[in-house]
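So that you can tell them apart, the chains are marked A, B, C and D in the order they are listed, and the count of residues begins at 1 in each.
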Amino acid sequence: MTRMTFAEAARRALAEEMRRDPLVWALGEDLVQGGIFGQYKGLAEEFGTDRIVSTPISESTIMGAGLGAALCGTRPVVEMRIADFTLCAMDELVSQIAKVRYMFGGQGRAALVVRMPQGMWRNSAAQHSQCLEAWLTHIPGLVVAAPGTPADAAGLLKSAVRSDDPVVLMEPKNLWTAEGEVMEEIAPIPFGVARHAAQGDALTVVTWSAMVPVVEQAARESGIACDVFDLRSLWPWDEAAVIASARRTGRLLVVHEAVTVSGFGAEVVARVVEALGPGGLRAVERLGSPRAPVPFSPPLEDSIRLSPARVADAIRRVAAVGA
Amino acid sequence: MSSASNETARRVAMLRDMARIRAFEREAVAAMRSGEAPGVVHPSIGQEGVAVGVCANLRRADRITSTHRGHGHAIAKGADARAMMLELHGRAGGSCGGKGGSMHIADFAVGMLGANGVVGAGIPIACGAAQAIRLTKEDAIVACFFGDGAVNRGPFLEGMNWAALYRLPVLFVCEDNGFAAFTRNSAVTAGGGPAVRAEACGVPATAVDGEDVLSVDAVAAELVARIRGGGGPQFLHAKCYRWEGHTGTDAAGYRPAEEAAAARGRDCIRRLAALLDPEEVAAVEAEAAAEMAGHRAAAMAAPWPDPGAAFTDVQDAGAPA
Amino acid sequence: MTRMTFAEAARRALAEEMRRDPLVWALGEDLVQGGIFGQYKGLAEEFGTDRIVSTPISESTIMGAGLGAALCGTRPVVEMRIADFTLCAMDELVSQIAKVRYMFGGQGRAALVVRMPQGMWRNSAAQHSQCLEAWLTHIPGLVVAAPGTPADAAGLLKSAVRSDDPVVLMEPKNLWTAEGEVMEEIAPIPFGVARHAAQGDALTVVTWSAMVPVVEQAARESGIACDVFDLRSLWPWDEAAVIASARRTGRLLVVHEAVTVSGFGAEVVARVVEALGPGGLRAVERLGSPRAPVPFSPPLEDSIRLSPARVADAIRRVAAVGA
Amino acid sequence: MSSASNETARRVAMLRDMARIRAFEREAVAAMRSGEAPGVVHPSIGQEGVAVGVCANLRRADRITSTHRGHGHAIAKGADARAMMLELHGRAGGSCGGKGGSMHIADFAVGMLGANGVVGAGIPIACGAAQAIRLTKEDAIVACFFGDGAVNRGPFLEGMNWAALYRLPVLFVCEDNGFAAFTRNSAVTAGGGPAVRAEACGVPATAVDGEDVLSVDAVAAELVARIRGGGGPQFLHAKCYRWEGHTGTDAAGYRPAEEAAAARGRDCIRRLAALLDPEEVAAVEAEAAAEMAGHRAAAMAAPWPDPGAAFTDVQDAGAPA
């Protein structure tokens, strides 16, 4: 195990995949310069500018070219810079990439990775802070992964590159510089398997992405025995593990940075309630952002940010219902 | 063979493809009108010379991207017309197993990377296909078909710049049939037109009479040679006319009937036929008509896909239960 | 009351609003020709081509120009032709229109309507059949309306035009030619007030848009006493009415055409469960589309389509739980 | 006043605005570096001549749209610099109440319709603003600022076509500072450049030395007059250079230091100053520096917004509880 940042772990994983498979290449703005979070640092030097391609500011074409390149047998890593800019390439992602295999009856596959770092980071305000993972879980054809630790950033990236499905990889902008232990040999992490981050009987807490360290800290500080799951991938997601835990604890709390309304927490809650029957649970809560854009000013951001303290309060609140 | 008979053979082949496209689409439109074929069909009748003149210069390994009006491109590229007909009838054995329909016909076996229901969407895809070809050192090029309406969508600009920047092996083919759905495209397009826009982004452009397949063939031959020679992307602006309405059921009341009648007088098929042996022409046309009538009959007789197919080929991880 | 089609009702409502307020105008492809569903028929003749503007195929600019025009005091009706094409204008809708008022601290408002007919219609296949209402409910700043009857098409359109908020109006493509009774004087219908379409005590059924007539028929044919709500608007939505009904019936079924996973049904279920506590309900189910693109072929489409029979089955299933 | 003294007054006014922009941004960058100002600041230092030369020809009723690098446009259009400084410090009393920050400064009172965090996004907005002005018969025009990077995004093409088609009163101003973030823009842009692209879509284009405010002023005057006269949109391609990094903390290691040094030698402020009375220049610059230092001090002293403001101004119907 080595301690390294999220960005470094992701960088290593991609470098290893590019060494392993000459058909893997990456395209996006400023990639030759290392990407805006350093997650491509040194790759142009090692792999050349035919495989690490700095592109014009042409999001539709970055995404659409990724598809064309996948249909011709290469494995592109499409870098969107930040998730918000994917809004400039939604047709290409949703109506093209997600659907080609199906529409064409399996003749072609969009085996590519779309990276879209997301979420709040350094007071970036409304247009640079959105979390849209729920959108993509709603789109048939897409795999959606959302790592919350350096090790998962690396392992999920490897799986994403090797997957024959289009995989959307939503890295939490706020965690690029966070450190964690990463195995010397980075192994691919399968989609749909949650990381069981803490064990306990009082309630089941489900989270992902930037909320992972926040929830872990909150669980420790809450004094409550939490069963914490870091989903790691949202489609497919580890329904079995979550449902089994919720059956045991009878209490479910879902925590995510995205807006609560129509966030993926709604899907988790609905699915668990359907699976167990409402009578199978004693308490349910979602904790996310209010249905408001992300404001710039620190105290305003703080009023919507989920801190460990706020999450710990929710943990205690849910644990207390009917106890 | 002498070069003259070579040339005649090439012409007959082009006539055949044009006749096959037209016959295919006549059947397709009739099937749509009668309700035998579900959904919507966008016929390219009158525009066959563009698809055929371009694809006559492509090899099997070359790729094409296409549009909502894509039957002609597919057939000209060598796609399986029977499977196409089954597809637009929604039957098992269709090119896409009935999942795509007329607007999403693809035939990857011959490099036909798909029709597209979104105007202009093929342009970025073609750029990426060419980039992959470059990366894998394949000996192939990409032809990218789109309509005059697509030149008003953002991806047009992005794709032209992209292809010129990376000097990609792409032939952009703008089929300028004068209309974007129910609107005369000149009424919503400013400036010097598609070719000027392409050149502004660094893609050399050539205009051609799209209703004259021999001109298209000659110009395409030249442009394709430049592209294969590593010269980067080229743009072909082919003027033509959409004889039918936007779809098989659109009566096109928004334009003077004389205009369409005049275009029928410039028929790319008759113009080429006039240079060939009338008997051979008649035989080719009869054969084409028979082939497509047969495909239509086959389609009507073909089984529907298994309803369970609605749930397959979505994705591997997280496939619908 | 007059019987008329959905398209005619919507057309009349817009004509009346344009007569009432000279600042109302519409832009989109083929509008002068009447729009592809006839919902703009005759309007160019009456209001001229400065107020009924046929545009190039430039979705980003159709949407973005709508915003600019709203910021300068007019009230544009932005026509997207079909909802799928909104994917070509998502940045303009989500990062611009939805956020300007907030980002600029209330200085400007995007008082405009975005119309996006959606859903399955005539075997249009994967790129022309999507239902993306859940996405838009997830976006702060947007009002989302989804009429299911001619009367509501007209009344909600009037409210949308008069609203100072940006309103997304998702008309069901499959219902343009459906007929219904419309009041002589079309009154605006407030957002957030459901139509109580049927009354009963056995279960609460919530639906909207194209599923409205399907659910109404299913409820009649099921032989079960359903309390049916046509939400009409999804944000805001009539939480109070649905929660009160679910508290009474103890059973909740949500029916929508969109993909079930992360569809708006998840939000409805999650919200009701949170409000009543899981113990407050005996049965919960969502009925939507499988997580697959919409196929072309009729039998394939039928395998994902919600028919009255399938909905009636679900009604009976939910009514039977614990009964 | 004589026309000579008129002209001098105009020059002094332009000098003042350029000096104010520079002083503002020096303070803003310092505040960002020290952590006093949260978030990111994109300085336009070195490019002030473009904003000022253009806005010198605008009236209060005219509108502008701007970019992520928008302080200069706002100040030149007459926005409240104190409120701007408070805004980028995230304080109560900021232009947007602290909700927007540097990238989302707007000042509707003076027709500044907002900076924008999305490259190219202001172009469609400007088109629509002009359409509304037309519809309401307002006597006003719109100036739309964007960078050279924006010409590779789809909305650029769409907006040019749109404005030309409807002959809208828009002045498009491309601030060509040579870079798009960390990439030299010429390395990702093919063809003849921004002006050629605009002309291809029917918008007449004029090039100008953006580091010479008098040239900008003169050309803008001419173009604005044409636009006010009903001549339709115009495109101004202003060459300039971004002295600083992409953001206030980017060291710009991707370009030779000499290049930036050379640009500093072409300083738009010094070039204009050279034509004016040195004492007056010194006074203007000192005043500008003092003003902005004062604003920064005021910002640091200003209260934070009420945390509850995070939940207001979202929407009326369905506002967050």
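Keep this in mind: a residue touches a chain if its C-beta (ideal position, glycine included) is under 8 Å from a C-beta of that chain, and two chains touch if they have at least 3 such contacts.
Per UniProt, the chains are A, C = Alpha-ketoacid dehydrogenase subunit beta.
Remember, it's a predicted structure, so these values are computed and weren't measured experimentally.
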Both-way neighbours, i.e. chains that touch chain D and touch chain A: B, C
Averaging over Cα atoms per chain, report the distance between chain B and chain D in Å. 45
Could you please state the distance in Å, as a whole number, between where the Cα atoms of chain C are centred and where those of chain D are centred? 39
Length of the line joining the C-alpha centres of chain B and chain C, rounded to whole Å: 36
Junction residues of chain A, two or more chains touched: 55-56, 58, 60, 84-85, 88, 91, 95, 102-103, 125-127, 140-141, 235, 290-293, 295
Which positions in chain D touch two or more other chains at once? 94, 96, 98-100, 104, 116-118, 152-155, 158, 161, 165, 188-189, 314, 318, 320
Draw the chains as dots and join the ones that touch; what shape do you get: line, ring, star, complete or other? complete
Chain A residues touching chain D in their complex are 29-30, 32-33, 36, 54-60, 84-85, 88, 122-128, 290-293, 295-304
Report the residues of chain D in contact with chain B in the complex, numbered from low to high. 152-158, 160-161, 164-165, 188-192, 196-197, 199-203
Within their complex, chain A touches chain C through residues 84-85, 87-88, 90-91, 94-95, 98-99, 102-103, 125-127, 130, 132, 134-135, 137-141, 235, 258-259, 261-267, 269-271, 273-274, 277-286, 290-293, 295, 321-322
Mind listing the chain D positions that touch chain A in their complex? 38-40, 90-91, 94, 96, 98-101, 103-104, 116-120, 149-150, 152-154, 180-183, 187-189, 254, 304-305, 307-311, 314, 318, 320-321
Quick check: in the complex, which residue numbers of chain A touch chain B? 23, 25, 27, 50-51, 53, 55-56, 58, 60-61, 63-74, 76, 91-92, 95-96, 100-108, 140-143, 163-166, 191-192, 235-236
